[in-house]
Amino acid sequence: MTASEKLTTLEEMVAAIPNGASIGLGGSFLHRGPFAFVRELIRQGKRDLEIIKASPGYDIDILCRAGCVSRVRAGIVAMEGNFGLAGGYRKAIESGAVKLEEHACMTLTAGLRAAGAGVPFMPVGGVHGSQIAEVSGWKKIADPYGSGEEVWLIPAIRPDFAVIHAHAVDRDGNARVEGSPHWDRAMTRAARKVLVTAETLARPESFAERPELTLVPGFMTAAAVHVPQGAWPGSLAPVYDVNYEAAARYVEESADGSIAEHMAAAPEARQEEPA
Amino acid sequence: MTASEKLTTLEEMVAAIPNGASIGLGGSFLHRGPFAFVRELIRQGKRDLEIIKASPGYDIDILCRAGCVSRVRAGIVAMEGNFGLAGGYRKAIESGAVKLEEHACMTLTAGLRAAGAGVPFMPVGGVHGSQIAEVSGWKKIADPYGSGEEVWLIPAIRPDFAVIHAHAVDRDGNARVEGSPHWDRAMTRAARKVLVTAETLARPESFAERPELTLVPGFMTAAAVHVPQGAWPGSLAPVYDVNYEAAARYVEESADGSIAEHMAAAPEARQEEPA
Amino acid sequence: MTSYTPFSYVVINLARLIRPSEVTFSGVNSTLPMLACLVAKRAYDFNFTWLNVAGGVDAELAGPVPLSSGDAALTAGSRSIFANEDFYDLCTRGGMDLCFLGASQIDGTGATNNSVIGDWDTPKVRLPGGGGSAVMMPTLKRAATWRTEHSTRTLVDKLFFQTAKGNLQSVVTPMCVFDKREGRLAVASYHPDVTLDEIRAATGFETDISQAQPTPEPTEAELAALRSLDPDGTFEADAAIRMPEVAA
Amino acid sequence: MTSYTPFSYVVINLARLIRPSEVTFSGVNSTLPMLACLVAKRAYDFNFTWLNVAGGVDAELAGPVPLSSGDAALTAGSRSIFANEDFYDLCTRGGMDLCFLGASQIDGTGATNNSVIGDWDTPKVRLPGGGGSAVMMPTLKRAATWRTEHSTRTLVDKLFFQTAKGNLQSVVTPMCVFDKREGRLAVASYHPDVTLDEIRAATGFETDISQAQPTPEPTEAELAALRSLDPDGTFEADAAIRMPEVAA
């Protein structure tokens, strides 16, 4: 067997992300987000990032609190669960520290689909009557085929990186996701580079047994890391549920102005300590 | 358990298709096409049908020979395997009996995606320099976001029916496909009604065990039929391979001007005979 | 006294918007609609297709109701995964009958604001954002929303920002159920313990009350379903819905 | 005499267009490119990503090569299914390095006709159609095509219809390998048994032969790979490739 050209460490994966990069994150709210990756961005002190995700929450909140982000494209932002709004994000937007491009979730998807299909824009249903179109400077055109319909066109959104947390990855970067892919399919097709963190490192043969479950074929993956508990404090169904206790502590602690204890309590931080 | 509202017979499914209907067919060339359904269209003497499929072959050929078709939208047409061109189709186009709207496979997909997303057109990469755009009357526009790029827009293609042959269906119309979905995903999202023929009738629980493999959720399926060998003489991997002998006999027999023996030899015809 | 609590009033009257054979969707950040869909599945004697943002289609919960309305627990027993791209496409192509979509402010025409309190550029409060609503609201058949606070801050004459506009048909608050009639939200029925004057005083937009009726009491089946979903009252406590204090 | 047959000449010289680390695609109705990809996998000491129209990614055939180049046998051992929509999107967004695309007629600029012989409206022969080529040819990095018949009917000065135009870089026939140079197909190398005059006589478009070299003989590894793929000569017989009869 040849050595893997794809498998790396979380530290190295994040080290390759330049300041100023645009990063599309996988999952939705508290579910299957690449949260260990997000925390490593903070540890390495990345700055001026753009975060792209239809429904971010914990990830955008902690990145805003850590000062890593300057731009966000999102559809709906909240901690979710029973935690309500994302206070760190809210403060960053209200203070002007972070600039938001608001999307309806499907307009973001349309922009990703445009990039994924190699076209400069993508039509989307609806949007009529929404002031989001105005503030974003979106254009609409009349159907050139004469239906009389007017259609909004969303410009392509091409993140520098798509980062997803998968259930399993093999040494060649094949990535399997169970349950809803959320927007990870569109995201991984739109981005210039795909990075995968995965709960399990699986044998290549296990992918061949059910290739339909592979969301990202290995040749599309630039780098992959095995990160158990990589979605903590969120869920990776059916392996683990949201850690509501840890999330609640994050909300409380961060409201008081610190995230240090939370960062130290993260599984990938604890794994690094000598036993 | 309540009685199924979705399961029906091949005869009843086809009886509900009016003359003049547009029908999108699943599969590709000799693989996983709803060929028993196609033969039932012939038995019931349907007329003036429009067939929509990126890569039809046996299906369009036999429908043309039987005089069921007046319009085709397709990207590439051949018997494939080692059989070369589709003679019945070719003759129908050359004689003017059937009108072709030629597509690049992806332009057909773009039209289906437009219908599936509820927009009147869909941009597509490429097409530049192809005379297909001219003869089809497609429009191109300059990127309204100023990239300078010109993009071809394909009008929405919304078949009245999408018909696919799946590996398994349950009593509520959930349909599972193994291996490549070919264009069946786009097709089933674009059509007004989805009809499923399936190799196996499976227990609902088996779908719940791996819901990711369900290509069409039951609520989208208008009707479903259990048709073993429904892709004959094509393949349904890994259950059965192309029946090259039967396909070769079809090619020979039909070139001589008849399809009667072939129709009688079809599995669904033989199953109807009293034992 | 009615047998409604403010919480059960909102959940049950959301559930009553669900109709037989239709496709109904509940989204993220939508605990009360999630419960309403589950109440309808358990209490009503008809079938409907329940899609949810976790990807579930007619899921059958195996355990307790999750705190997050996007939790994969809502795919338990589901025989397909209908992911975010799927249900948005379904909606924009005309296949969505009823969606529950959140709103921070609602005006008398049923337009909604989920974006900002204050100016767009210098917001006093940055709200979560509209999620799918700008795309879904104009393309679905009927949208419904809910407010746990019925006040002139949430039901307004003029929105700070119009995040979405379209086929919003119903609004449920602890005080009443609004229905769209001739392009305006009108009081269709009201909580048996409040008066129409109290509703008008707490509502920031002009609303027609001429056809308002007291909301029918909850049925035993509805209450039993809700109890089964929230046996220890966690959701009711989290929702913290109170009747507005009104000068009666 | 060379150790090439006309069949092995075409397949092996298609295989030689494949480069390390690239993404290479073989489509429907493309038996010879399918064999070329398999030859490259078996004979060359480098890795490349082989996508095929059956949905396979770096498939490892478990049994004999299928007669149909769209057969699911070409997904054996594949660790993902990369379906039609996927590979077209990959191509249009710039991720496809080399595609083998069929062509009935090719002109000197590398534009292709797969649509009709004769007029579009009243064709003498209706051809199969271009499949993906109108979309792929302008968006991929390099396309290659092949003709089993090298003649002035297939390699023409003027196409009956221009189905696709774009980055066609290479054409392999039983007589020679064309490469695009300064926008025109030029003879890069030729079958050791034919002369450049014979090639020019059989080619309908003007072609530069100034840099043409005899094609290197097949290696033992290439021949062994092809023998392993077509042990009983079925594919060679089906392809029925003959050298054109030339007035030498």
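Chains here go by letter, A, B, C and D, matching the order in which they are written, and residues are numbered from 1 within each.
We take it that a residue touches a chain if its C-beta (ideal position, glycine included) is under 8 Å from a C-beta of that chain, and two chains touch if they have at least 3 such contacts.
Source: prediction; values computed, not measured.
Under the touch definition stated at the top, subunit B and subunit D share these contacting partners: A.
Chain centre most remote from that of subunit B: C (centre = mean of CA atoms). Interface comparison, A-C against A-D: more C-beta pairs in contact at A-C. Per-chain CA centroids place subunit A at a distance of 36 Å from subunit B. The geometric centre of subunit C is 59 Å away from that of subunit D, both derived from CA atoms. Distance between chain centres (mean CA atoms), subunit A to subunit C: 28 Å.
If you average the Cα atoms of subunit A and of subunit D, the two centres end up 40 Å apart.
Multi-chain contact residues of subunit C (touching two or more other chains): 75, 81, 91-93, 139. Contact with two or more other chains is made by residues 117-119, 124-125, 179, 211-212 of subunit A. Chain pairs that touch one another, listed by label: A-B, A-C, A-D, B-C, B-D. Within the complex, the subunit C residues that touch subunit A are 28-29, 31, 53-55, 67-73, 75, 81, 83-85, 88, 91-93, 111, 114-115, 120, 122-139, 161-166, 238. Interface residues of subunit B, counted against subunit D in their complex, comprise 28-31, 54-55, 74-78, 80-82, 85-86, 89-90, 93-94, 96, 100, 102-107, 109, 124-133, 135, 179-183, 185-186, 235, 237-238, 241-242, 244.
Contacts from subunit B toward subunit A in the complex involve residues 114, 117-125, 139, 141, 143-145, 147, 149, 151, 153, 155, 178-179, 210-213. Residue ranges on subunit A touching subunit D, taken from their complex, read 115-119, 170, 172, 174, 189, 204, 207-208, 211-212, 214, 216-220.
Taken in their complex, subunit D has these residues touching subunit A: 23, 49, 57-58, 75, 77-82, 86, 89-95, 139.
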